[in-house]
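All chains are identified by letter, namely A, B, C and D, in their written order; residue positions are counted from 1 within each chain.
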Amino acid sequence: MVTPPRAHESLIDRYTSVRSRTERLAAPLSAEDQMVQSMIDCSPTKWHRAHTTWFFAEFVLGSEQDGGRPWDRPEYRFLYNSYYEAVGARHPRPERGLVTRPSVAEVVEYRTHVDQAMEALLAAGLEDETAEATFMLGTQHEEQHQELLMIDIKNLLSMNPAVGPAYADRVLAPVSDPGPAAWVSFEGGVIETGRNADAPVESFSFDNEGPRHEVRLYDFALADRLVTAGEWLAFIDDGGYQRPELWKSDGWYRAQGEGWDAPLYWRRSPDEPNTWWIHTLTGLRTVDPNEPVVHVSHYEADAFATWAGARLPTEFEWEHAARDRPVAGVFLDEQSDDFRFHPTSAGPPTGDLRQLFGDCWEWTSSAYQPYPGFAIADGAIGEYNGKFMSGQQVLRGGGALTPPGHTRLTYRNFFHPHTRWHLAGVRLATDQPS
Amino acid sequence: MVTPPRAHESLIDRYTSVRSRTERLAAPLSAEDQMVQSMIDCSPTKWHRAHTTWFFAEFVLGSEQDGGRPWDRPEYRFLYNSYYEAVGARHPRPERGLVTRPSVAEVVEYRTHVDQAMEALLAAGLEDETAEATFMLGTQHEEQHQELLMIDIKNLLSMNPAVGPAYADRVLAPVSDPGPAAWVSFEGGVIETGRNADAPVESFSFDNEGPRHEVRLYDFALADRLVTAGEWLAFIDDGGYQRPELWKSDGWYRAQGEGWDAPLYWRRSPDEPNTWWIHTLTGLRTVDPNEPVVHVSHYEADAFATWAGARLPTEFEWEHAARDRPVAGVFLDEQSDDFRFHPTSAGPPTGDLRQLFGDCWEWTSSAYQPYPGFAIADGAIGEYNGKFMSGQQVLRGGGALTPPGHTRLTYRNFFHPHTRWHLAGVRLATDQPS
Amino acid sequence: MVTPPRAHESLIDRYTSVRSRTERLAAPLSAEDQMVQSMIDCSPTKWHRAHTTWFFAEFVLGSEQDGGRPWDRPEYRFLYNSYYEAVGARHPRPERGLVTRPSVAEVVEYRTHVDQAMEALLAAGLEDETAEATFMLGTQHEEQHQELLMIDIKNLLSMNPAVGPAYADRVLAPVSDPGPAAWVSFEGGVIETGRNADAPVESFSFDNEGPRHEVRLYDFALADRLVTAGEWLAFIDDGGYQRPELWKSDGWYRAQGEGWDAPLYWRRSPDEPNTWWIHTLTGLRTVDPNEPVVHVSHYEADAFATWAGARLPTEFEWEHAARDRPVAGVFLDEQSDDFRFHPTSAGPPTGDLRQLFGDCWEWTSSAYQPYPGFAIADGAIGEYNGKFMSGQQVLRGGGALTPPGHTRLTYRNFFHPHTRWHLAGVRLATDQPS
Amino acid sequence: MVTPPRAHESLIDRYTSVRSRTERLAAPLSAEDQMVQSMIDCSPTKWHRAHTTWFFAEFVLGSEQDGGRPWDRPEYRFLYNSYYEAVGARHPRPERGLVTRPSVAEVVEYRTHVDQAMEALLAAGLEDETAEATFMLGTQHEEQHQELLMIDIKNLLSMNPAVGPAYADRVLAPVSDPGPAAWVSFEGGVIETGRNADAPVESFSFDNEGPRHEVRLYDFALADRLVTAGEWLAFIDDGGYQRPELWKSDGWYRAQGEGWDAPLYWRRSPDEPNTWWIHTLTGLRTVDPNEPVVHVSHYEADAFATWAGARLPTEFEWEHAARDRPVAGVFLDEQSDDFRFHPTSAGPPTGDLRQLFGDCWEWTSSAYQPYPGFAIADGAIGEYNGKFMSGQQVLRGGGALTPPGHTRLTYRNFFHPHTRWHLAGVRLATDQPS
């Protein structure tokens, strides 16, 4: 939250752009689709649309206005607060799918009222840098929920036992062979990492990306592309899910307890056991061996790396390797008719790292913890990131369901190590390339 | 299923009448309301609408036609089969709320297609008595689901933490004082009970209502009205939920484990602890001491009876007492603007039994078991009742959410003893009136 | 509790006889064996030994003496009360296996102290009939716990993954072929059932066996022997555990949820899948097709009966059929070196009912409910039977782990329908013999 | 495992010394005490005694001998393997408390047989450095289980609802006031951490303590003593368990879900709510405000640090601060009659760090992860530490239940962040002393 909005985008444009993408993403979904919470980690689309709106109402409008606001129904403060304990009582997360009223139509009305008020406020000008930072946080927050909306609806549609329901109907051609992976080496040393608070003001960042600090790295190498589905099939065929020596203890118990034998959303064809099908946002189709594997937990990523004689990168290795490389790749592109809503091939080898940004988030071996000197901000906003710094793993990069412009070199995404419903894949690392 | 449809109602009229009531009951509900399954015992409104339609498609149309039927999508056979194992694989009950597609609109289309086919079939005439019996079973089945639809939606709306959402908005006046209960005595002996298969053809009955047989009753008395909410308040105030000696062992563990301290849907006013609120289909309001208590489990009913120095009636005592009395009372009346969707006062004493039919179902002390000589019908229809004859208790009478004309003297409703979301109340019995 | 102790047995003899059998049954068990609770339905042997002692201390000595009693440690009242809520707070049943102190040795000391006091009291004479009835109840109670002790220790030993641990080591010869079952017919009518309170004083009975009353029976027939393990193998081979149409709904869900594919304690030989092994108190051995099947739930018994084209008897049919037949059969005989601790063959056909008493308890189709006019006794003793009259099924007869003399024509044993760890088997019934 | 046994201790002395301490620790416990597993994290004393023996049989004797070994019963390999998946099938951990046979006496016999064989082997001389390293690992492993035995039996005894049962009976005097805590500052920089593989051979270390490597630290300060129970009482009184802003998200949900309101083993006096009792190995007594708080989870430690305006140290800060300080403090001293089996006061301020080693383990903020360049050893021994490097937190130091000589500067203990049954306490850290 340290820097103001980018100079080349007016606040109103920024607001309109973000808000309208949410509406586009929800457009293909019926009221029924938007109502249901398929598991405790997920939220209904309706809730995402309301909660992102509540954020502006609570933290931006709330501090600017008072009285007679058409959007200001007390139950919204209760229902659409996600986890800000400081703001007051809130509705239990597992019960979000039980609240059928307000309806989707009422949520649309809520969004419209808040949009009108926000646009008026922005036209009048925010009062200071703090207000601008909070506003920008609200737009970044909505972008985060755009990605959650997409992975949550993907999970919900996967629950439908009838073959077919897709978010977007399209027939996809196979993707190209990315060739064998190669190691790209990096020298160690004491290097700087994280967001520099004094850097030229050019973009937003979250509090958890700083303070900038030094870490000691040793020589390492990264694979020049993501692990493919084809490589994962070899792991499966080699008994990867049945060999405890490849797994961390926590992972092994989880995998055994839940009967994992493949990534989430993979299932064997009932007729041809050697053919794997995959549920995607464009429907059920065969697994393409040339596309990156996704929807694997940190446990599976780690076991795969052990099987491959490698390891996962630390988040500092990843950031060091990605420094000075463009933040470019396959990001969310819902307006393109041939967008896959899924990672694609790394394309032909380039002699350098491919797929660093985009395609899918990359699990790192780093536990999500505060950087040295990190301090939680005062007030409810302080709950934004810090409270999750226990039990989760850092992911880096960004993926095919991440809004373009939302990620950056120092961005720290995080999930619990057993989770699989988000778009996470694997890049291998090693101390010494073999 | 032993008797043909009543003579005074043509089959088409019967069909149209039943089907249109389902649509009227669903009319106040949004797509969101119709989508959600609030707990495992309940089903979404959308599912009730589709499942009752599937019954006609599977069991009536299925045997009459073949090929090119517009309603005949294979996933419907899978999704909308409730528990007929013989008919094929079916979707797990706890996951009914996860299937967002087909949408409510598609279900309406499904209903329309099946209605057209059914009306054509009925106009052409059913081929034999068996077909007529199955048709009639389908309409009775849909009436059962009308009551389930109402209790299920009541449960769903109760999950909404915001005060207010009601199925029907109306302000209700207090009901009249029914006066103290009095005993009505009956002589014992060897009496006949159950449906007489050879009786004059005048109405439908389920297989579980027969065979007619003799039972030995001892002298008994029944209370002349249902237990009131006011009497239940006295039970609460006397520590009824904290005194193990009043409870059966299974009931005590359930009540303690789930923290019961009042009927389902009752909650203490946060401001006035001595005031109880009740969630109803017409919204949240104060408990009226003169209305019957409902939404109590069999365990609670039994504990109350023990506390009152009485017991619950057997189903045979109930039927013996109700014989030769009119099947009249407060039944579902969704077209009346002042209908309460809830039981009401017994009214002033009459010197005879009041509220035998209507208002609410009455728990009996009888385990739901086959009558002597009962045999399960062949085929899927045979699963209709017999498979539930373990672990459940019989309820008699009918209630304010039962479609009028759906109940009768010998009707055996049944639920597990811990269940509370259906409209069940209590009538006391005793060996010797005190 | 209606009748005084039998005239032919002095109270001291009765006491000594019962108490010493408990000690004999525990003798083969180590302190470790006596400490563990293998599942929530079971109790440690140590607890059974202490709890039966507590019953005399609480209900017999407690009302006779006061002060300075060496056995009277307050924690015993808390730890060894089973379910008598009226007597005071008690230790939660699932945690009985966590209390390692008092040790087995201290429990022996407790037993000794109470025995001394009891013998002194009995020598001095009990003060009235009520005291005698309570004393007799205490001895009957201990006999019930002797059977529980045996089925609980059997369950515990079954948890040991190493083949071998047995309660009693012995090699058993195969049992004889009982021949095919035959029907024995009985005429219906209004018959009397239950314990006659005014009958000549000749034996003890529990309160739940009366009042004597009339029931209306229809003509029926009973199989002349118990269902054998060989017949159960045919049920398994015919898909009995995979065919939902044979099962009641509750039973089907339980069987599927717990993966039942055979009676409890049966397991397929790892090397020969068609060979079934059975865990018994004399160790692991092959199933003998001529012995009765035991350790089946009521659900399985009912499904088997449906498969066999028959049904289970009601408890009234069973009692009517057993009337005027001797209470003789295979009962607990721990002092005999060739006792099997398991039911045995019915032996050759006799033209009459075999195995009515002994061998194993027989599931009936009757829910465990009070007889007409049943009233719960005042005080803690009143909790003895009445509170369990919900959710359980009646079993009749007695079995190979029942102390001899403990059962009788009107004895009503009861367990929840899903339970399998007790010694229950199946006798078929039918309306009309085929 | 990098270094051979210390020169000043012969292998036989080392073996005898370790093995005899296990026996001394078990001596006060009855067979019943040694049988029970109080929760899934714990194991029975009997199992600890057998499992540590199995380690020598499997990994030391197993590679030296074959045939005719009296201790070599196949079920022991199955029952007493803890988690070495590579060695073969093993008994499920949660069921360790169900295996009553072998008895404690048989386990003693097992220990004796293995001891005799081990002593003969050691007298003959181990064949190479690898064998010596495995032997030494076996003794270190048994020392780890000595601490587990003590915390597990403490947990078991806490389950006894009767006040009193203690591991050791003694009356303890209050401990002295350690005075207010003070900060001790350390300069940052790039420092070396972990075990140096090339260091002079002077002691054993585990594989997870290396490789030695550089880390970048920033200036920090550590509290000069552990947090006291008195300080924890202030945290409780200030609403520490009710204020979500102090907690990490995972911790808050755990604490709320399990109803934590104090450290494990603390309970309010039923008569005086402001008096706290604590269950210890010497019985139930009042909390002493001057003793260190123990039996807190990582979540609680972290919340306390936040409340105190501080944080937990990283494991690298802790090791840097402890370097060059003597490994001295309160360790397990079961042969001393006045040993408390509990941490004690830090004693008067010294101007330097107190209680670094001994008293209790100290939670660090470091997730338990491999050091750069760490490689898992081949074979079953490789499962020793590496497989747990996910989801756990590092603790440093050692405690009052740690065998003396078992810990060292680089020792990395680890537990899941929610666990509380082990002897963990809190030392605060800060970036800048206030």
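As a working rule, a residue touches a chain if its C-beta (ideal position, glycine included) is under 8 Å from a C-beta of that chain, and two chains touch if they have at least 3 such contacts.
These numbers come from a predicted model, not from an experiment.
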Of all chains, the one whose CA centroid lies most distant from that of subunit D is B
Averaging C-alpha coordinates per chain, one finds the centres of subunit C and subunit D separated by a number of Å equal to 47
Subunit A to subunit C, mean C-alpha position gap in Å, rounds to 59
Per the C-alpha centroid definition, the whole-Å distance linking subunit A and subunit D comes out as 38
Listed in rising order, subunit B residues that touch 2 or more other chains are none
Per the touch criterion, the pairs are A-B, A-D, B-C, C-D
Interface with subunit B, subunit A side, in the complex: residues 30-36, 38, 46, 75, 78-79, 91, 95, 97-101, 103-104, 156-157, 159-162, 165
Counting only contacts in the complex, subunit B reaches subunit C at residues 83, 85-86, 190, 213-216, 218, 244-245, 247-252, 298-299, 302, 365, 367, 369, 372-373, 382-383, 387-391, 417, 431
